[in-house]
């Protein structure tokens, strides 16, 4: 059993902990939290040993009925590998600690590529991970782009990608961030930084991205266009997507035409936290114009799509499963994850 | 086993069907839907026999891979009782059909009291239900008001209730209704119709309600004030709430101060569809001023709070369980429903 | 003085009426409204003679203190030309009436091209308008696209246009339409109908459009990409835009990066109704990659950009001013309209 | 001519500057801004001398084409009185500077009462202002409450006030603050701090307030209940409101039932920045139950209702106009402000 510590038990951390627990070959040795909160109660309800950075806060937790297992350094020591799910920028500060303790660690997309020196996607570079002490799961948006670009590149060759990303403003449980009634260019310059982030995993891809923020809470929406190298058809493209275990096709018959309806569907399907781990590609939108110009809309669940990637990355870095397809299969099966169709 | 038909498999119907299935003493004989949709796929996934009003649409369903069990009249005939969860106003048109077939039926709050002639709440008038062929579950807002008013009335006597209801604009999966950026008086006249609706269950209560709509999707928020007959304290009131199995106290320690955070919490607790079946009363807000003036905020989940009431109403009307507390206990236990604390 | 009747005094109609009144060579002979409303009080405050379709409602208007000048047919007869600003689809029903009375009429973008048989943009086909009895101002989105495409096509030649349109969900004063928290593909198929609508004015342009709706109320946001025929530079493109009197450049120094901030700016500039009549192109976003690939973001005010086009179309159809640039200059000057810089 | 400096040229400051300029007896000697922005361009467009705190930034302004008149201390010295419209909490830091220079100053509601030691409302305590070197305009919400409570207290006596305030989340031009999809208790405790703030102007009023935040941008919505000392009728109350020059009655005939529609109306009426300076009381909502229990809904424009109060406070503190009604009349007339009816 691989012993996993989850540093930062928030939106990503709580999902990683549950996904790790669901796997047959790994376990959570502890999660870390900085203050008493709803998340801390959830950690208790799940039975995860709870560690804190500042033991001076122990009394506050205990007053709230939450037991503290120790300080975070004790948690790191008990682990084979640490998933760092702290807020963006904090991971960089944590790296020296992991280094000092000689522990492997996985960072999230809020950190720069340089923090880990290696950016991961299970379908692209699983086998390289074993050589690295640190890895970084690219952001939710980049993960969603990497999956669709890589699979079309393998099948038809990709000449150029143009993607407009209409991003959700805040996570559903975040009541501070806005905007309330605005479409915000973020950044207002073109291209955005997302293309170069994709290039940390897929260096040879020619990509231009544009990004804006809109007042929604569930899932980014991507409008994607690719110039393909080989001629193809809509049916062939759909087939390629159906063969990818982390691409879901939102069937036209469902009548689903938005991220909100897709979330309702995932919730009705009893997905934990309504998580959509796969890319949600709208069947109706898939188009091939003039033989080589591909278009589609895809919805990307900002809280969820990186979760199975974290799980695979653990195995990849620990070297316990050598074959990427085997790890992906194990991860998906443990999550009881059949792609939405 | 009580045989239950669910007419209308949407927001309420799909929840009623799952809640009925979870009970030891009842089962779903069928659900009805008018067109191919995401909900129809969910009915299939759950294994509920699907019936349609217009058999002319059978081919469309079958083309989408969804089997049709028959027409709705066949479903009604197979049932002991029908839960009518059709859109507001349709129930009234359905009543003559149920009457003709000699079937008992439960309507939802979108219908007028007169459609059933009897409005139900499990804690208030369970025992009366057996005498009625038709019953109506009062609306989500009224159910939430009835619970808190009735329990305080039992404990301290209620002289007058004043409630301002800040309603969610649309359900999470509804992408048509707004507003986008407005607080809409609905109605602009004072008092609103909600007070009289509460009076269909609690006729003696003196109540004035005001209502507006705001651009949110999860849970109404009620600001409630009551003049009590007996002097009391905040602690006594909190104790009364804790003794009510469908009132949840949102603990201050969770840091939850909004409907959105409460939903995140329910989701993290693995509630199906993040359903908050109970009133969500914010611990911090509970106040008693000058000994007799009670105040609090409560969040009411518009999709969920009526679900256990529907289940109890089935038992009450069928006469299989005579004791309200026994039915409520059975319902809550089957839903694995421990009130949020 | 050209006598103009405005049929439909709502979002577009009230703006057309004020813009017509501001011109030296035309006047409003009446506006039409169907029921007592805030808009009717505004018509009264402006002093526009108010006409109604159903004289049976006259008493209701008078009770509200609003005088009625007569029925709409009387208004049509008093006019040289009618601007039909009724809701989408109603214009088609009105056309036979205008035809019978032998009146010229201008329809809005909610009508199909076929209703008028001629779709208008002042910079593109002003001179053709005089031959037509009916004209149609293309929709706000199409007007915004036509302006930018036409001017770049004139300057550099346009090989292909790809535009993603992130549309506002409802007008600011509309409290019914949503969504509240969703990004809705509208349509979910690719390409959308907006490309063909652009082609009603610019038939030779090769264009693919994608559209979605987001919960905002002011201005659509367009992410535009064009393959140009001639090599150029960012500076040359900016110069072309600055030479177009209905393209505004939102300066980087203002810090404006959203439609909401642009509206605040227009409001601060004392624009009536905060109207942004021109395309709002974000200076920072204007990019030319590899010499021939143009990108930018532009904000399009759905309530306003078609207003000066309606005014020009009146002159074009009446034949009183032959030169498009002269009419555009007159319209802009009368609106005291200096493009945002 | 009273010489007024406006320290902080943002949402409030830019409105105060224009309102001061509109008066016959006062003028703006300068406005202060900390960085290049859209507001700085508006100051330039208006011709207000622009001062900055840090002259090191002068070059940045000049590069953007904006001339700098000097540093803020020079501006303070040139003024008879300073309106401090800096962000909440900054006024407190500025007070010693005003003190040192021997200048009178007016703070906004973001500062604590203690910063000025005197809280102002033109209808309540105009005459006391002359004795004070510093005054504070109570917040937008408190100003709206003070107006309606004071006028009913004068007419009928007020026994107790209960107000639920449904607050807008962010100003229209603010694209950072949320929430996107939540009703947030702010505070979650009852009562909120707004009652005590009202008591800084009306110390004898018995008031309980509750507050929450919703995802809208224009105007707070208040649901108000008052127990009156004398019996009265709806008509008498409406008459009292009509006699108050800063209370507007939103007529039922307009069909306006929301803050968004009220804003549209103010915009159509050509109000600068769509400002609603008065309380917007919805005619339909005004109710008197059982002779002594008053209810209504009122909309309060967070950006605007304090503006005329600032103007009156300038005169009151300078002692140039002794009679409050004369100052109020002058202010309203200069703004061309006839209350909405």
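Per-chain residue numbering starts at 1, and chain names A, B, C and D are given in the order in which the chains are listed.
Please note the rule applied: contacts are C-beta pairs under 8 Å (C-beta built on N, C-alpha and C of every residue); 3 or more make two chains touch, one makes a residue touch a chain.
All values reported here derive from a predicted model rather than from experimental measurement.
Chains that touch both subunit A and subunit D are the following: B, C.
Interface comparison, B-C versus C-D: the higher count of C-beta contacts falls to C-D. Of all chains, A has its CA centroid at the greatest distance from the CA centroid of subunit D. Spacing of subunit B relative to subunit C, judged by their CA centroids, is 46 angstrom. Averaging Cα coordinates per chain places subunit C and subunit D 36 Å apart. Listed for subunit A are residues 172, 174-175, 179-182, 184, 215-217, 257-258, 260-261, each touching two or more other chains. By the touch criterion stated above, subunit A contacts subunit C in their complex at residues 162, 164, 166, 168, 179, 181-191, 208, 210, 212, 214-219, 221, 223, 225, 252, 257-261, 282, 284-287, 289, 293, 295-297, 299.
By the touch criterion given at the top, residues 169-170, 172, 174-182, 184, 215-217 of subunit B touch subunit C in their complex. Of all residues in subunit B, those touching subunit A in their complex are 14, 36-39, 41-42, 45, 64-65, 172-173, 175, 180-181, 217, 253-258, 260-261, 263-265, 267-270, 272-274.
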